[in-house]
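Order as written gives the chain letters A, B, C and D; numbering starts at 1 within each chain.
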Amino acid sequence: MTNRRNVIAIMAGTAVAATATACTDDSGGSQNPEDVAMGEFPRNQTLYTTGAAWEPPGDWNPINTGQVTGLNGLGYEPLFLFDPNEAVLTPWLAESGSWTADLVYEAKLRDGITWSDGEQMTAEDVKYTLELGQIEAVPYHNIWNWVESVEVVDDLTFRVNFSEARHQEWDNFLYANVIVPEHVFSQYSEEEILTGANEDPVVSGPYTVHSYAQDRIAWVKRDDWWATEHLDLEVQPTYIVDIVNTSNEVTLNMLMQGDVDLSNNFLPGIADLMEGQPVLTTYFDGPPYMLPANTAMLIPNTTIEPLDDPAFRRAMAVAISPGEIVDTVYGGMVAEANPTGLLPTWDRYIDQAVLSEHGYQFEPSQAAAMLADAGYEDNDGDGFVEDKNGNPFEFKLNVPAGWTDWEEASRSIASDLRDVGINVTEEFIDAAAVDDARTSGDFQLILNNWSGVSHSPWTHYRYLFQLPVNESQNDANFSRWESEEAWELVQELAATASDDARFQEILSELQRLSLEEMPAIPIWYNGVWSQASNSVWTNWPSEASDTPDAFPCTWNEMWRMGAIYMLTELKPAE
Amino acid sequence: MGRYFRRKLLIYGVTFFIAVTINFAIPRLMPGDPVARMLTRNSVANPETSEALRSYFQDLFGLDVPLWQQYLNYWSALFRGDMGVSIYAFPSPVADVVLDALPYTLALLLPAILLSWFAGNGLGALAARNKLLDNTVLPVGYLFTAVPYMWLALLLVWAGGVLLGWFPVAGGYSFALTPAPTWTFFVDLVHHWFLPFLSLFVVALGGWAIGMRNLVIYELESDYSNYLQALGAPRRLVRRYAFRNAMLPQISGLALQLGVVLGGALVTEVVFAYPGLGDLMLNAIQSQDFFLLQGILMFIVVGVLIFNFLADVVYVLVDPRTRLGLEGGQS
Amino acid sequence: MALQVEDLRVHYRTMRGDVRALDGVTFGLEDGEIMGLAGESGCGKTTLGKSLIRLDGRMRHVGGSAVLDGAELPIGDDRAMNARRFTDVSIIPQYSMSAMNPTRKIGKLTADLLRAKGRSYREVRPELVRRLELVGLSEKVLGNYPIELSGGMKQRMVMVLSTLLDPSLLIADEVTSALDVSNQKAVAETLVRFRDLGFVKSMIVVTHDLSLVYQIADTIMIMYAGQVVEKAPASTIINAPRHPYTKALIGALPEVGLEYGDKRLKSIPGKPPQLLNPPTGCRFRARCPIAEDRCAEEPPAVPIADDHVASCWKVGS
Amino acid sequence: MTAGVTPDTEVIGKRSEHLYFALRNPKVVIGLAIVIGLLLLGVIGPFFLQGHPNDYIGPKSEPPSSEYWMGTTYFGQDVFAQFVHGLRSSYVVGGLGSFIAFVIGLTVGFTAGYRGGLVDEFLNMLTNVVLVLPALAVLIVISSYLEARGIISQAVIIGLFSWPWVARAVRAQTFTLRNRDYVDLAKLTGKRAPQIIVREIMPNMASYLLMSLILLFGGAILFAAMLDFIGLGPSDAVSLGTMMQQSKDWSALHLKLWWWFVPPGLAITAIVGSLYITNVGLDEVFNPKLREM
């Protein structure tokens, strides 16, 4: 695998070579077959993607995050995939798996799965992977709070003993975490395991790394992928070149030049562009064009007045017009969020009764009324209400400077709130500053969309209600809303199987709580940004019945939710 | 001459020292906690894990010792060529990341600055002797120097890339290629290189032309030119002398301009997603990777210093006045 | 008669109109004659010097002629003039210190100039070296850059260079103003020597330093406000001037050898007229102690002796 | 050499002479006309437009019309409103930035040139150091760490890094001027250094100072534009640079919204270009030699 560093040498080398050739023959050596061997990807066998990677490839280590595109999915694989349409886990590396007792889960690997270095994948690898979690800094360390032990039954079978059967959390592990080869990782020191780059990854998936550079990574197809035999699946592209994100401008240029087949980044105005560019497609032909990926929410800091008052937060919710944002900012490329904040994937769990009782919709006048009822009035006549003690307040809504769509969205939100007398102004600060604010709680209002598609609404409610509230909140409950009741339910939910009747009861209860207490205000669903070009590859996933319905997406968390099927379904264009 | 160089080197030394200090100070005075950032990127669920990670990164980035010690470490690390680990390209070391991007920027910068220098001086000299040129070429020149680099670049991409499809719109070399010492690859490199180069070249050109034009005019009015003409020397000779002498200030100008053109290169690369320092810088900014940002600035400063020094050497070689004057010749 | 100038008129173009820097200048110069040219600054003496070799950008040749060795000097035509420069007419400029291209070795510079005149440096070199030794410069200077020479050396170098092709007319423009007294003497003597050795036929020494001219010049011509007021042998001008302006200029000259020029002139009451639209008649009349109505008309050039002319009504009677 | 012209320069003062030529120099006249014209637009314009330039006032992506002179953005913001506000802030940055740089440059230059000695050694060193530092790179690094970026802060940091060449030139000029007899005279009459600098030296390089101020101005505007463009512009205000950035980020060109993309770039080019041309014109005014060309 070549690496950009060589380029220095090569450029020099080439310059010489070039001049040499220049004298001899001007036609150049491009007919020379070995150039192709040198890695000139044939266009019709290569899939060019962009939108997933935000930094240069440099991390092939599946243990920590921030890895190269496709590492978890094309390279490493999970035991199960999650099927968002049926909302069930489907066997992947695992042939089958089930709870053999209240606190025992047993699963069997498929036979004949080979790592890219030829080794067999065995239950030992699974055991090893799980036990890596015993290292404190491994992200899934927390499973060992309720996992007791892992045993290898035979070459392909492993058994996990639990101290507490956290079904949802365990399911999450089953499809969200990939299995790593013991014979490779056991060679690594703890530090290498945590932050090593793991170059030349030894993988089980359909592709291995071909080469990479600062602005791209190229995957090449493996011919001995287990799924071909077991599931009769064949990934179509021989090469996948994923280009590190650049500006919208550049991405659009590449799309229009046909240099990129699939862009999974937000491209403004793509709707308008597609009119002139029939070759471009999105999942839906009309609004919202994109499948929903996560819920963008307004996060109030509930530790300060009057944001600590649910009534006030509900009034805010009613005052904000998601439609305005959907149309003006996104040109209809996203959809308004359901008041519960639950993604469409989870529609089946939405309790209409609760929704109709506690739901709401954009209605400024009503919002004003709600404020008044809750005792927020404008007595000093500055056009803005004061808090209950009659003190005026002014809130900043912070979004990262440069996130153009969010900047515009926050403008719209702030002006909506001002219209009903809540003094909010948008302020664009550095992305890092926003991160710090969100983590440390040193903010008043921010936007956040970290509750995304998953196997279970449990992740959503964990995101909303997680307790305790710590010094720094890294990935959940940024509102710092302390609702013991809700957190109890979330924990119970974690330990409840989806087919258990109790499951829906808890969810209804949580929906009611989230609507009453409004720890965060759902506004719109961010899309699975996906603009595909039919110029080289066709049969992209879409709403049409004759096309696959997998996520047309290369984001790392999407492969395990079926995006891998996109690759097996692609057809070369005539 | 020795004194001259000693002096210059002293200046460069101090510059380097200050640059390094700025480099060290800025990030630590500024908001944005890199460790918090790593954590959020690793989005770790439970507190104890994040604490473990925090302390781990703390000493990885050397933030857990007193400031003065950080400063000393910073220097010693610098001389070991160790500029810390990039957050943006975690876990690659900053030096590697920068070295990867460097050749592209150089390939853009050096030709652009040198060629524009020669072309510009030629043009300026012509304009200085030709009223017609003076009134046509120069106004255009002013416009070019005034165009914001990136704006011109955007227009070029749009025209040459999207509309005409003659040139690629992004990247340092085709995404269908992997670096290899072949004719194909080289041609491809050049193909990707041309537009960014052009936009830099054009903007720089105007400045040189204008400067040269004025200098030549001044020289033509100088005493020695008058004397030559009084003694009936042909215009050719007078102009040759004037041109030669006008070149000298342009040479020192070359060094000073570098900073400016470099700035242009940075933004131009952004427009073309050309994988050089500028593009890298933008990414570093967007991911608040101040180790990388510092590394880049470090390389840039060193580069500029080297270039300046070369310019000094050349200057001494071509201008007897510096040479002799500093050996203590009279007057 | 080496040089004969007839009614020469040269104007300066300015935004306010033409300044008549030379307004009908007439005089002759014998072979071998060294003529001192003096007057207040602004009287046109420098302009006259320039006019005879090269008009600068703002000067315009309006009328009159200058004939050198029987051939007219195409004063107005810069190109045609080129042929005569250096070979027939040459100049030692005011700015000798900075007259040589600082970035060119002196030898090379000379070579370039000679080549331009179709002469080969190699042939001329021996003579050049001889003349350098004459002025006390070693052959080495040819390998030097001008900045390596001292002020005096540069001055002498320029003198040699300017006269290298034995021009018949040399204009020395304020050559001594930049030098200290001892150097002044040396330079002055060198000029004379050059004439005696035939390096130059005749010479116009433009200066404001009467005492210096007196030592080297055969004749002195005094100019005032763009016109010639008096020309006569040096001794006559100093000892028996006729024109009231010359008198004022010389008047109280206590003893030869003291620098006069502008310092002294300040004591003449009044200022010279501005030459944008000069008064009719005698231009000195405003300041003239003996002016009378007649002076309102242009005074004639009155020949007092065959080598002495003064333009004034009163000198006749 | 000036013998011939002394009379008329005595009659007409230098100042009026310069003015006279300035008003007759097409470069100066045209250049200033454009610069001032746009300046007025930026100063007066906003008063006739109510509301924030970022408000969504009308239809989206509307081409120029009698109602929206420069059309509307992708979100239905009035491009003309943004344009005039942008002009205003660009002029502010240019003005303030160049002023700061100018003041620093003058102070350093004069002190170094007039005092000489160790002071000079030090200041000269300082100047050369800042001169060698690649300004934009440093600006980028610094401003990328500012949490809330504003026009003023931008102007200030630009000013802080673009003074050296002024200082350098002023120093050189002062060296040549400080030994002139009128300066000595002033010294004898016991004037103090600042007085002498302001009364005696400065007037004698007024033309030069004016020109360098103009160049600084143009430079500052360009710098600001570049910073804005890579997203380091004021996070709260509209400037020509941020307009350019916005229109690029929302791929105005692809959406054929040229009226959004063109004006900011063109305006900057026009302003800076005119400044340069004015500068050359002034050069000709102050140096008769060039005038003859």
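One rule holds in what follows: a contact is a pair of C-beta atoms (placed from the backbone, for glycine too) under 8 Å apart; a residue touches a chain by one contact, two chains touch by 3 or more.
All of these numbers come straight from a predicted model, not from anything done at the bench.
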item	value
Chains touching both subunit A and subunit B, listed by label	D
Pair sharing more residue contacts (C-beta pairs) when A-D is set against B-D	B-D
Centrality ranking, top chain (CA atoms only)	B
Centre distance in Å when subunit C and subunit D are each reduced to the mean of their C-alpha atoms	49
Whole-Å gap separating subunit A and subunit C, where each centre is the average of the chain's CA atoms	92
Euclidean distance of C-alpha centroids - subunit B vs subunit D, Å	22
Residues of subunit C whose C-beta touches two or more other chains	56
For subunit D, residues that touch 2 or more chains besides their own	144, 146-147, 231, 248, 253-254, 289
Contacts with two or more other chains, residues of subunit A listed in rising order	247, 249, 253, 256, 402, 430, 433
Footprint of subunit C on subunit B - complex, ascending	222-224, 226-234, 237, 241, 244-245, 248, 319-321, 324-325, 329-331
Touching residues on subunit B, where the partner in the complex is subunit D	10-12, 14-15, 18-19, 22-23, 26-27, 29-32, 128, 131, 134, 138-139, 142-143, 145-151, 154, 158, 162, 210, 214, 217-218, 221, 256, 258-260, 262-264, 266-267, 270, 281-282, 285-286, 290, 293-294, 296-297, 300-301, 304-305, 308
Residues of subunit A that touch subunit B when the two form their complex	2, 4-8, 10-11, 13-15, 17-18, 21, 28-30, 32, 35, 38-41, 43, 46, 48, 54-56, 58-59, 64-66, 136-139, 141-142, 194-197, 210-211, 213-216, 218, 241, 243, 246-247, 249-250, 253-254, 256-257, 259, 402, 430-433, 435-436, 438-440, 450, 470, 472, 474-476
Interface residues, subunit C side, partner subunit B - complex	53-54, 56, 81-87, 90-91, 93, 95, 98-104, 112-113, 116-117, 145, 147-151, 158, 161-162
Residues of subunit A touching subunit D in the complex	247-249, 252-253, 256, 267-269, 272-273, 328-329, 331, 401-402, 404, 408, 411-412, 427-430, 433
